[in-house]
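Quick heads-up: structures coming right below.
One chain, subunit A, appears in both complexes that follow, with subunit B as partner in the first and subunit C in the second.
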Partner chain A sequence: MSLAKFIENFEEAVEDIEPGSLTATTKYRELEAWDSLAFLTVIAMIDAEYDVRIKGDVLKNCETLEALYAQVSA
Partner chain B sequence: MGGADKFNNQQILVVGATGALGGAIARQLKVEGADLIVSGREQGKLAALTAECGGSSLSVDLSDSAGCVQLADAVGELDGVVYAAGVAPVVPVRYLKDADIEACLNLNTTMPLLLIRELLKKKRLKTGASIVWMSSLASVRGTAGYAAYAASKAGLEASARCLALELAPKRMRVNCIAPGMIETDMAEATAERISDEALAAHLKAYPLGAGQPADVAAATSFLLSQESRWVTGITLPVDGGFSI
Partner chain C sequence: MVSTMAKSSFKQIQIGGVVTCVPPLEKCIDDEVDLFGGNEKQIARLKKTIGLNRRRVVEPGTTAADLCEAAARRLLNATSLEPEAIDAVIFVTQTPDYSQPCNAAVLHGRLDLPKSCAALDVNLGCSGYVYGLWLAHMMVSAGGCERVLLLAGDTISRIVNPRDRSVAPLFGDGGSATLIQRSKCQSTAWFSLETDGKGFDALIVPAGGQRTPSSVETQAEVTDEGGNVRSAENLFMNGAEIFNFSITEEPKAVRDLVEYAGLDLDAVDYFVFHQSNRYILSNIAKRLKIDLAKVPMRTVERYGNQSSASIPSALCGELQDVLCGAKTQRVLLSGFGVGLSWASVILDMAKLPICEIIESAPSE
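Entry: the complex of A and B
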C-alpha cells in the first residue's frame, strides 16, 4: 500500500483521467471529471482495493489525494 | 373498514420487521387489528417491537433456505405475508464484489420466493391469503451504482407476477410495492455513498418530496386487506409522484 499506487488506483477509477496526470497534491474535487459518479466510484474503489469503507463525508472534507490516502491508510 | 376491525386478528407474518419499513408496517397492521408474527435479524429491535405490538417473533438467518424452513415451521396458518427484508449495495459494476451480488440477489429475490415455497409446502397460507413483497423504483429506473439491487428487485417483481398466476386459483394474491426515496436507515446509509449534489438532484424529482415509512405501511395494509381483493400481480409505486 503506497501513495503512488493509491493515485494510480484513483486515476483508474475516475473516467477521463489521464494515467500519470495526478499528484499527491492534486485537489481532486476541483477536477473537471469529478462528479457524482466519480464520487460513488472512488468510495467503491477504496472498498474494493483497500477493504476500507469510507463515508461520503471523508471525500467531501479531504482536499488532496495525499489527504485522502491518509484517511484510507489510517 | 378501518381501525382495529380491518384485520380482525388475522395472522400476518412480517419478515424484515427490524428495518424501518418493516417496523412501520408491523405497527400499522397492529393498530388495524392484525395478530402479528414478526421476524428480523436484530434481536434487540425484534424484542422491542414485539413488546410494543404483541404477537410473536422469530429471529432467523435468511442467508439460506434453512431460515425459510425455520420460519415456515414456526408459524400457523397465515392470512398475509409481508417480505420487507433487503440489502442495497451501492457500487459501480466494475467494483462489485461477488459476495455483494450474491448477498443482494439472495436476500432480495431468492429468499422471498423460497419462503413462499416453504409456506406452501407446509400449507401455511390460507385460501385468500395476501402476499406483499417490497420492491423498489430501481426495478424500472436505471441509476448508476445500483445494478445488483435493480436486478434483484426486477427479478422479484417478475417472480411475483408468475406466483400471482399460480396462486390465483386459491384466491391468494401476490403484489409488490415499489417505494421511492423513503427516509429510512437504508436510505441514510445509501446517502453516505452519494454526493450532496446527486442526492439533492434526486430529491428534486419527487413532486411530493421524500416519503415516510408510514406511507409504505399504508400501501402495504391496502394490498394485504380485502379492499384490494381484485388486485394481484401488480407493483404499486409509492413514490410521491417520482414515476409520473
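Entry: the complex of A and C
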C-alpha cells in the first residue's frame, strides 16, 4: 500500500472531490466537501481497502492526509 | 463454528397483521437550508447517498402512545378481533408518555383490554421490534397466550435539538401495531439477540434520568466543534462509532443466523433492516453480497429513521403487496443500534389481512 494510492482512494470515497486535486499535506478536514457523510465514506473506504477499523477520534484529530495514512498503515 | 448467542427457534406462531401510523406533518430537508448554513451542495450529497429527504414529525400533544393506539385500533378492526382476544401487550419505546406507569399499561386502559392481559414495556430502540417479536413468540410458545399485541413506536423528533445537524434531519416519528398469534402453520421462526453494553454512550440522552437528573446545567445548550447545538437532555449520536458497529456486527449476525437456521442467504426473500440510513444499509447489503432488490431501503427518505417503528414501517410501506399476497415470503428482520443492541429473526409471512401505513389525525 502506498500514500499515493491512499490519496486516490480518499478522493474517490468523498463526493464532490476532483481526482488528482489532493496532496499529502492537504488538511482534509478543511475541505468544502468534508461533512458527516464524508466522515462515514472515508471510514468505509479505510475498512474496505485496508481492513482497518479507524476510530472517529483519529479521523477528527489528524490534520493532513499523510498523517491519516500513517495511522491507517500503523 | 457458530458463535454462541441468545438463539432460539419457534414453530406454529405467525404474524397476523401489521399497521404503522405516521403523523401528518411532513418536513423536508430542502426546506432546512439554514440548518446547513446555506450549503445546498451538502444537502444534495446527503439526499443522494444517505437518503435524507422527507420525514414525519408529531406536533406537541401527540405521542408514540397515540400513534400506536391508532395503529392498534386499525389492526384490531381489520382482523375482526375484540379487545378480549388479546392476552398480552408489549410496548417497545424509548419515548413513553410517562417514566411510570409504562405505556403498555396506559394503552391497556385506552384499548379496553381485559384484566387477564399481561402488559409491559421494552426500553429498546433500533433492535426493539425484533426483541418484541422474540418476547411475543416466547409468550405464545409457553402456552399462556394465544394472541400478543406488539406495539412499537417513538417520537425521537421531540428529543433531538433542531439545531443539531448530526441528528435533527435524520429522525422521524412513527407507531406500529403487530399481531402475533398461535397458528397451525409448520414454518419455523429463528431468532438471535446480542448486546454490547460497553457502547452504551454511542447513542444516548445523557441527562434527565436518574444518573444525571434534569437541572439548569443539563438544559444548557452547548455548541460542539462541528457547529452542532445540543443540551445534555437531547439525543447524542456518535456517528462514526455507530457506523463502525453496524458494518462490523450486522453482516456477521445475519450470516450466523442464516447458518443457525440451516439455510443460505439465497433462501431469504427479503432482508428488512432497521432503516437508519441508506448508506449504512447499502454498505451492509454489499458486504453480504445480497441482491439489493431484496433489501427495502426507501423508508428513511420518506419517513425518516423511525427508531423502534422503522422495521414495521418498512414492511408496511415497501412490502405490502408481497406480504398480503398468497405466496409465503421468508423474511429476515434485523435491528441494530442503541444499547448497543442488535437482534435478528428469520420468519415466514403470507396472506396478511393488513399491512399498511396510516396517518393519524392532526393534534387538537
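Following the convention adopted for this analysis, the second predicted complex is superposed on the first by the 74 of 74 C-alpha atoms of A that agree within 3 Å, B and C clash if a C-alpha of one lies under 4 Å from a C-alpha of the other, contacts with A are read in each partner's own complex, and residues count from 1 in each chain.
To be clear about the criterion, a residue touches a chain if its C-beta (ideal position, glycine included) is under 8 Å from a C-beta of that chain, and two chains touch if they have at least 3 such contacts.
Fair warning: this is a prediction, and the values are worked out from it, not measured in the lab.
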{"item": "Fit or clash between subunit C and subunit B when superposed on subunit A", "value": "clash"}
{"item": "Which of subunit B and subunit C A:Glu15 touches, first, second, both or neither", "value": "second"}
{"item": "First, second, both or neither for A:Leu65, with subunit B first and subunit C second", "value": "neither"}
{"item": "Touching partner for A:Ile7 - first (subunit B), second (subunit C), both, neither", "value": "neither"}
{"item": "Which superposed partner A:Ser36 touches (first subunit B, second subunit C, both, neither)", "value": "both"}
{"item": "Partner chain in contact with A:Met45 - subunit B first, subunit C second, else both or neither", "value": "first"}
{"item": "Residues on subunit A lying within both footprints (that of subunit B and that of subunit C)", "value": "35-37, 39-41, 43-44, 47, 55-56, 59-60"}
{"item": "Residue numbers on subunit B that touch subunit A, as the complex places them", "value": "90-92, 94-97, 144-145, 191-198, 201"}
{"item": "Touching residues (chain side subunit A, partner subunit C) in the complex", "value": "15-16, 32-33, 35-37, 39-41, 43-44, 47, 53, 55-56, 59-60"}
{"item": "Parts of subunit C lying in touch with subunit A, wherever the complex brings them together", "value": "41-42, 45-46, 48-50, 165-166, 225-226, 238-241, 243-244, 247-248, 279-280, 283"}
{"item": "Residue ranges of subunit A touching subunit B (in the complex, touch as defined)", "value": "13, 35-37, 39-41, 43-45, 47-48, 55-57, 59-60"}
